[in-house]
Each structure stands twice: as C-alpha cells, then as structure tokens.
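The same subunit A turns up in both complexes below, where it pairs with subunit B and then with subunit C.
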Partner chain A sequence: MTATVSSRSIPVERVARRRPPRSRAAAWAAVTVIGFFGLAPIYWLVVTAFTPDDKAFAFPPSLVPTEITFDHFVRLAENEQLFGYLVNSVIVSVVTAVLSVAVSAYMAYAFSKFRYRGRSSLMHLVLASQLFPQALLLVTLYAVFSATGLLGSYTALIVSFTTFTLPLCVWMLKGIFDTVPSTLMEAAAIDGASRWRTLHQIALPLAAPGLVAAGLFAFVRAWNDFIFALTLADPDRQTLPPGLVHTYLGEFQTAWPDLMAASLVVSLPVIAAFMFLQRYLVGGLTAGAVKG
Partner chain B sequence: MNTLNRRAVLRLAGLSALGAAVAACAPDAAGGGAPKGDAAAKAFGFTSWSLNEEAQKGAVQAVLDAYAARAKVTINPASFPYNEYLNQVTLKLRGGQLTGAVQLDISWLAALAAMGRLKDLGAQAAGGGYTDVALGSGQFGGKQLGLPWTTGSIGLVANTELLKKAGVDGMPATVEEFEAALRKVAKLGGGITPYAAATKAAQLKDILPWMRTFGSPLLEGDTITVGDDASVAAVEWYKKLYDDKLIAPDVDRFDARALFAQGKAAFYDDAIITRGVVASQSPDKSLTEKMAPLARPVLKAGDTPQALLWGHVIVVVDGEGSDAAADFAAYATSDTATVASFFEKVKLPPTTTAGLADPKVSGDTFTADWTEKITKTATANPFWRYAGYAQIEAAIAEQVQAVLVGRSPAKEALAKAAETARPLQK
Partner chain C sequence: MNGRRLTDGQFAWLLMVPGVALFLAIIAYPLVSALVTGFFEQSLVRPGRSFVGLANFADLLGGDFWPVLSNTLVFTLGATIAPFVIGYALALALDAGLPGWLRGVFLFPWVIPGVVVSFLWLWIFNANYGVLNGLLGTQVSWLGDPVTAMVAVIVTKTWASFPWMMVMLLAGLQTMPKELHEAAAVDGAGAVRRFRSVTVPHMRHIAGIAFLLEFIWNFQHFDTIYVLTGGGPAGATKTFAVAVYDTAFKGFDLGHATALGGLWMLLLLVLMVFYLRKENT
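Moving on, here comes the complex of A and B:
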C-alpha cells in the first residue's frame, strides 16, 4: 500500500501547475473570504484607534478614517495604572511560560521514553483535565487559594494558568520526544551519561522548537486570560485584560477608541514574539504529528 | 579549595533567579485584597465599580477622602468592572473576603441579601431624610439593607429638534399619539430611526414598562402574569412598530445612544445620565439643549406613566468594621453638602429631600424635569425580588425577540416565557 502511494507521488510544484485555472480562482476566492473575516476586525481596531471620539460613533460608519488623531495613544501613555497592568501581565505570563515548559518537559519525557504500568492511563488523565470548562474550576480554585492565603497574589494566577496549559504542553512535547530516536539515548547510556544528563544535554536541545512552541502557547494563554486574572488577583496585581475592561468599559459608556488604541499597543509584544519565534512555533507544533 | 565552573555558576544564578521569582510571587503581609478593618474599626473597605470609571472616580474618591479626614479612619478601596461586579462581589462575600461598605445597583440587592450577610441599616435610614421612593430601593424582606446613593429612573428621551422638523407639536402623551409621532419622524428619511427601542435580546427587558403601560402587572403576588392579554397586546404593538420600521433591528442601549448622539433617532430609553453620555459621543455640541425627558405615553389619558426605577445603594457587610462602614454609607448618601457636590460633578441625583432641594440640584432644569416627569412615578422591576431575576428577564426577552423576528405569535411566545420563568422564582 505504502509502495503504491509513494510510486504515484508527484512533486508539489507539478500538482500546482496542473491545477485548472478555475479551481485556482476558487482557492484564491476562499483565501480572500477567509482573510477578510480574519483581518477585518483587526483593520477596524486600527481605524477606530486613530479616530476621534465623536467620529467613532458616526452613522453610517466610514470604512476609511476621515480624520486621524493620536489622542488615544497619548492618553494611554499618560495612564500609569495601565503600565502597572502591563508589568503584571509580563511577570505572570513569563513565569507561567517558564514554569509550564519546565514541568511539561519532564512529564512529556517520562511519558515518551519510559515504560511503566499506568503510563497510558496517566497520559489520558492529563488530557482529560482539558475536558472541563475552566470557568467551572474558578470557584474551587478561589476556595483553595483563599484557604492557603494565596488569594490575590501572583502565585495564584501563575499556578492556575500553569494548571491549564500543562496538558496541551505535555502532549505537544511528548510528540516531539517521540521523534527523538531512542538509539541516541542508548548511545549516551553506553557512553556513561546518566539519565539526567541524557535528558538535559541530548533530548532537550533536540526538542528546542517544541519547547519554544509550548512556551509561547503558555505565554499567550496567560497574557489573554480575563476571568481568572480578575477573580484571583488583587486589583494591584491584575493583568491587562481585566485592567483594560476596568479602565474602558463602564456602567454607562465604553471608550471604544481608547480601548482599541490600548488593545493595539498591548498586542504588540505578542505579535513581536510570534514573528521572532514563528519558525520554531511551526516546527514545534507539527513535529511528531506524522509518524514514520 | 573547591572552584566553581561556568556551569555551576549558571546553575546557581538560575536557582537564585527562581528563588527571587517565587519570593516576588508570594502574597504580601496583608494577605490579598480583602478589605481589612482593625479591632477599633478605624479602617474598613469600600467596594465600588465607580472607583475605576473615568467619569466618576474623582468624585467618589473626593467623598472617601473627605470622610476619612473627618472621621479619622482609613478606607481601603476595591473595585471591579461593572459588567463583572455582581459575580465578583458574590464570590468574595461567599468566601468571606468582602467586608465594609459596598456599592450596588438596586437590581442586585436581592441577590446579595439572599446570602444573609448584610447589615440592617434601619437606624441610619431613619435619620437620613431620604425620600420614600429612594428608601424603597434599598429595602428587602422588610429590612433596610441599603442606603440609597442615587435614585433615578429609566425613561424616554426625545430629540426636540427632530420632532420639530417632523412637525410633531408637543410631547406625545398617549400610545396613539406616540405612534403617530413616530410615523411623522419616519417620513423625514435620511436613515433616521424614529424610536431607537431595544430590540437585541440582551436589552429587551426595556419592554417591561411597555407591558405595564398596556396594563399587565407582570407579577401578582408570586404569579407571573406575563402572557396575559395586556402583555400580549404590548408585544404585538412593539412588533407592529418593528414591522413598520419605526424601531430598528439589533439595537441595544449602546447602539441607541450612538444613534441618538448622531441625530439619527428621535426617541430612546435611558437612565438620567443620558445627557453626559450622548454629549460625549455627539459631533453636535448643542445636542444636550435639544434633549428633553418625557413621561412614557400612557394607554389612555389619566393612566399613570410607567418608568423603571434605577439607582445605586450602599450596603454594609455585617461584621468587621461594619459600624464605621455604616456611618460612612450614611455620610456619603445623606450629607447635603456632600451629595450636592457629588451631583455637581457626576449629575447623579441625590436621594434626600434636602439634597434634591439644594440649589445645585434643583437649579438643574434637565434633572428637575426628569425627576418630575419620569422618576416621580417610577417603580422597581417586580422580578428584582428574586435572585434569579436576570434569568427571568432573559427568558422574557428571548421570547419577545422570537415574536419580533416572526418566529412565534405573541400569545404563544409569552406563555412559553412565563413557563420558563416560573422555576426561576427563587
């Protein structure tokens, strides 16, 4: 079966060349439509961020801004409280990412390279924790952190975020460790390397793209969370999502242009991280996806 | 002598950094964000969404500072966003993390009162000089659990310039006159929505005062009357406005304000703060001069105009620092100089007779008009007595929307709404 498929395999370039013009047009149309849905909200966010308050609510709305202002960015720069939320976001997200990668790397390595009773059940148990709606766990976590005196601290946020990111990180990294040939470990053992050294000096460097992908996933998860950050952290330890809501969404009105300007600015670190690390991210997410 | 190689130094540095991070993440000595009070009750918490809202935080902070200086106490503020406020306050009250004074929307009082942790403020209310309507907004189960901070109403506002252009003379007093006025405004064209009424499910609770206008009590004793002939007639009338494009699809309060601010709506429903909100969104700097509150039109002359009571109260959590917090609540809501100054800054009407009579308040024509025409006959939503009132409102709204889009006839839809709402009466 495999032989038949491989004998019929055709280079990708030739497949593309042979595609009839009509199907190519359809593909482009599909990409354009999907791109529009993906990019239109971002375009609107950028336009609103630069639109004066009284023009932002104009009816009918204008797709192209007729007047541009930087007032919202100036107000944002002058808001010290938002800077505090930003610092909190960075602390919580970075520590969550580091902790998630550290813990999930050891778990994934153990799942991938050791054979022991209950391994498969444990792996599925880890994954099963993803089946619960996270909001359901909020009340329980609140009670636990309250009883342990951690409520309101960074620790409460970091521990809860790490809890939620671990299952996916573990499975992602397990797939990557599966692709590292066991013969390498055996060779290291023959050369006298301990298991600890084999993991740190052979397996982890080879899994670097996966570690980056897992770290980014955990970082973004912590960066974007709203409800846990609002509930478990003190007001002075809250992160940007609740901070932005608190600052711009009020009982009576929403400062949409200011909110859009702030959203644009706070997205920049995540965008920069993705651009800088995207080759690792793609490699890390797809590694181990295909066997053989 | 042992020497450290580069790897060992890096390992030590890593461990040190980890230790520092863990130390930084540890809770502070105060143990989190719960408001703390000392044994002599010289400190207490004040939880309020207004403390972080741009338009009000300065005015609220001034009240806190003035009281703290006067009573020589420390007030520990805490704040949550309005849309998440009830959930957060409920969770913290249940977890014993909430003490002191707490700002509440009047519609949330039942939900918190049901937890049995609020202090009876009857003694403070007795000497406060509050109006009867205002006092009523803070009562639950025969107790005065909240001191009214601001009491207003949600009612109709008109753009008098548009009405004049459309040839509408005077404010419509009956439903028939109101509909005729809408039809005249519709003839203006230009994308104008005659009445920016709520049509999105999330805001369709605005139809409840119209149901009352048509004669439905909504609730009699503990029996939900939604689905009676009067409420069906109200929904059928609303549907007629919808079909005739006198009201627009997919409108909520925010959309309605935007339309009104752009001069694209002649009428809409809002609270008394409408003036400041639409002014900030409007390119027309003279719009506020063209705005006029009007009593909701009645079914027949002589009926009482319907309006929904709206406002904020301050409740006090029983226990640590509650006496000091209760004294603060009384000061913030009934000290005449304080409430008049608060009104001057945020235009939220006070709740005491003396406060309303203060020249700063009584001299404000819009507020005086609003109080006379709308708040005077405003009543609370009868469903607020149930902790699950929001789900009851949502059940009704969902079925009204089904009628608007033509999915169900009014009679059948409202019967279904009542059936869904009944188990939520607890």
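Moving on, here comes the complex of A and C:
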C-alpha cells in the first residue's frame, strides 16, 4: 500500500449505477445527519462573524441573520496588535516550512534510495517521534531556551515547531522519493553524473511538487500550533493562535462576533493551502502512517 | 565534491547528518533530559536542583496520577470511538456513489486551526448566549459541570477529527476490489452480510492504524481542552497534557511535571509499540 493511495480516484458514477437505490438513500440519510453535525457549526461561525453585537448578544439567538455588518472585520483590520501577531505567524511558519523541507529532503532521499546499517531503526525512531508528547518536550525546550537567552524569540518558535514538522516532512518526502524511479538515477550514474548531481539535478526537480506539498503541510502545522507559541514566545513575538486567546478570552465579556471574524481570517490561509493539497491529502494526513 | 569516493552507506549518512543532528538536539535530548528531571526537585524559576530519587513518582502514584489517568482515558476513548464511528459511516456513504465534492466539504472542520475550533465551540456552548442553549431552550452551563464539560470537550474533538477518519477509511474502501462485493451479492449476501464478511476484513489493517493513531493523538491532546475548560471544572477534564503543562508552567514544579510526564510517556510507549508493530505487518 502506498502513501498516495487517495490519488487513485475511482470514478464514483460507474460504481453508483450498479448500486441499488435503497443503499443510496441510506447513504444520503447518513450524509445529511453527519452533514448537520459537521457544517452547522461552520455556518454559525460565519453568521456570527457578520452579526452586529446587539443581535449576537440576544437570547435566544436568531438562527438566520436578520442584519449583516462588516464592523468586526473593520475593527480587526484596525487592530495593530493583531496585525503584529499575523506578521509573526507568517514569518515563523514560512521559515519553519523552508527549513524543515531543506533538512528533511536529504534525509528522506537517503531513506528512500539507499540501504545501509541503521536505516530501519532510524526510520522507526523518526516515525515514533511524531508521537512523543509535546507538553513534555516543551518543559525541557523552555529550560534550554531560557538558559541560552533564546526564550521569547522567533528562533525558539521555529526550533520548537521543527520538532513536529521535521518528522512529518521526512515521512512525506520519503513517500515522494519512493515514486521517483531508481532507473532514472542509475541512468544518470551511467552517464557519469556524480551522486550529488543526480540528487540535485534529477531527483529533487522530479520531487518538486512533493517538496511544495510537504512545505505547505509544515506551514499549516506551524500556523496552527498553540502550545509552543503560547509558552515560548514573548508577547510581541506571539503568533495568532495564542495571540487571539490573549486578546479575546481574557476579557470579562468576550467579544464573540469579533472573535469569530478573527477566526475566519486565521482559517483562510489554511483553507487555501488545503485546496492545493487535495492530491496529497492521505500522504500528508498520515505521513507514514500508511507504510510508504 | 564528488560523492563517488564514498560508499553508498557513507553517502547516505552524509545526507542525513543535518537531519539527525537536529533530531538529536531538539527531540531526543529534550525528551531524555525531561525524563531525568523527574528524579529531581527542580523549579522552573529558581536555579539549581536536588536529587530526590523516586519521591516525585511516589507522590504522584499516591494521588494525582489516578484522576488524571481516568480523565485521559475517558476523553481518549470518547474522542476516538465517536469520530471513528462517524468517519466510518461517512466513508461508507461517500463510497456508495455520492458526488465526489462532498468529501471536500466535509474536510472543513478538520482543516480549520485547532484554536478556531475551540473558539467556535466555546461560543456554541456559551451558557448565556450560546446557540446550543438557544436551540434546546435551556440555560445549561455546559462547561461548568464536570460531566457535561467532559462531554463538551469530547464533542469538540470529535467534530475536529471525524473528517480525518473519513479520509483514511475512504482511502481504504477505494482500494477494495469491487468484484468481491459483486461476487458476494451474486451469492445472495445482503448489505449487512457483505459489510461484515467483505468490507470489515479488507479494512481491518487501515482501520486499526487509523484508530490507534487517533487514540495516541488524543492521549496527548492539549489545545481544545486547554482553551475550552483549562482542565476544569474542578479538574474534571484535566488530562495528562493539561496536568503536565499546569504543573510546570503554573505551579513551576518541574520535578513533578516531568515525573508525571515520564509515567505518561511509559503508557504512550506501550501504544507506540502496538502502532509500530501494526505498521510493519
């Protein structure tokens, strides 16, 4: 079984025609029920973000919007502190993604194309490292950053984010390199290309879409991180997730419509990233969970 | 540099140097160091530490460990079984010939950031203005009662994870040869019988991996619990992740935090061995 199993899409219509109508009715019923559970909260998120404060703080709430406002988004755009969090999020997530892909590409290539002593135990260690508890890692990382004066800096965030993006990228990219035929590399070697040249001029360009996908996944994971950013960053270095918690949840009365508007804005880059990532979904979701 | 003078093995190791170095520095060392700290009395804010042997572990096993373990197990089981069942049902439904775009629509809850999920459900569960109370015509403080708070965090995590289960299980269903189902149907097997005798055996491996991974992730889940309840009310939703975090960063007690983390890690290790075994079959 390969990690890119999802890309093999079976034309559903062909299968559908042979199914009895009764089982399709049952399927629609299941989709409707689960669809309500899955999508009603999203509907509510969007509705609240466009609802004026006095309407949002009415009980019982009106399930259909009676009045629409963009005030919450305007207030968001004018909030300099939030803009600072946004800038931090972009910087830290981009650097984390680039660094992770650069380091893990070489490691993944070694895992994929060579057989050597220590390979399989190291691969298992990388796989298992995704499962180590972050809260525990955080305790030592905090102490180390504190001792080295890095606590609160971008570096602290990038390094701590790399603890989860590195294993993710290594596993994703190993799956990608596995799909690059070894015969191409052998042909290059016969033509006299060195191993470095083969890697840089043949394997990496062929894996380029995969490198982008792995980078996007790393970006999303870094963008979404909460626990490390909450603890390791100075107030002026904080990313959006803990930044929003501090901005809105500390208040006596949370400004829910503002918070929902901010939530929508924070979600947008991630949603955009996933639109590009559809094809790599299963590989990235499991990152080695399904053996590559 | 010409890679040819090296053997393949040497070249491979050369490629891995940056990755392995980073891995040792930021994952392996912190982890080992944390486990060692469990045997010391150490504060987050004051320098110095003193060796106390097993005292931290004895303290924990004499009290705090057990409620945290039970909270973690309740949360983990609930937040794994519910998305598994929902995700499986949805995957079967989508595989029965519904339009393909539905899959993408269902991904939204999983795609949006964890804190956004927490904010959204915090708002839904809000006692005064929340839409849940509005729909039910009640005035329940969902996050203020120990039982409903646990249910609330499980519901929230379930909402965020069922799409992942759906994608994993749907990928498994799509690799199933349709001929098997057709042959079984020709032999007169009904839908339930075909599910039990054809689908379940085919899906056992991927379903097992998806379940176990989700279980491991929930076993160390932090974000939604921390934002929704902070481990409360009265510690009712305090799981390992929240307890370790609070002990270290609110109680400043690194010794007890890492000792609790060590016990937690031990349990995780058992799960990981299961996982790696399954992964290899």
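Assume the second predicted complex is superposed on the first by the 260 of 292 C-alpha atoms of A that agree within 3 Å, B and C clash if a C-alpha of one lies under 4 Å from a C-alpha of the other, contacts with A are read in each partner's own complex, and residues count from 1 in each chain.
The criterion applied here is as follows: a residue touches a chain if its C-beta (ideal position, glycine included) is under 8 Å from a C-beta of that chain, and two chains touch if they have at least 3 such contacts.
Everything numeric here is computed off the predicted structure, so don't read it as measured data.
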Label the relationship between subunit B and subunit C on subunit A in the superposed model as either fit or clash.
clash
With the two complexes superposed on chain A, say which partner A:G175 touches: subunit B (first), subunit C (second), both, or neither.
neither
For A:V139, select first, second, both or neither according to whether it touches subunit B, subunit C, the two together, or no partner.
both
For A:G215, decide between first (touching subunit B), second (touching subunit C), both and neither.
neither
On subunit A, which partner touches more residues: subunit B or subunit C?
C
Examine A:G149 and indicate which partner it touches, taking first as subunit B and second as subunit C; both and neither are also allowed.
first
Touched partner set for A:T231, first subunit B, second subunit C, both or neither
both
Output check: A:F57 vs subunit B and subunit C. Expected answer is one of first, second, both, neither. What do you get?
both
Report for A:W28: first if it touches subunit B alone, second if subunit C alone, otherwise both or neither.
second
I'd like to know which partner A:V245 touches here: subunit B for first, subunit C for second, both or neither.
both
Determine where on subunit A the residues touched by subunit B overlap those touched by subunit C, and list them.
56-60, 139, 142-143, 227, 231, 242, 245, 249
Show which residues of subunit C lie in contact with subunit A when the two form their complex.
1-4, 6, 8-9, 11-13, 15-16, 18-20, 22-23, 26-31, 33-34, 37, 44, 86, 89-90, 92-100, 102, 104-109, 111-116, 119-124, 126, 128-129, 131, 133-135, 137, 159, 162-164, 167-168, 170-171, 174-175, 178, 182, 191, 206, 209-210, 213, 216, 220, 222-223, 226-227, 240-242, 244-245, 248-249, 254, 257-258, 261, 264-265, 268, 271-272, 275-276, 279-280
What residues on subunit A touch subunit C, complex-wise?
1, 5-6, 8-10, 12-13, 15-19, 23-24, 26-28, 30-31, 34-35, 37-39, 41-42, 44-45, 48, 56-61, 63, 103-104, 106-107, 109-110, 113-117, 119, 122, 124-129, 131-144, 159-160, 162-163, 166, 170, 194-196, 199, 223-224, 226-227, 231, 241-242, 244-245, 248-249, 256, 259-260, 263, 266-267, 270-271, 274, 278, 281-282, 285-286, 288-291
Seen from subunit A, its contact residues with subunit B in the complex are 53-60, 91, 95, 139, 142-143, 146, 149-155, 158, 227, 230-231, 233-236, 242, 245-247, 249-255
Subunit B residues touching subunit A in their complex are 21-22, 24-28, 31-34, 49-50, 52-55, 78-84, 88, 91, 95-97, 191, 254, 257-259, 261-262, 264, 271, 273, 276-277, 280-283
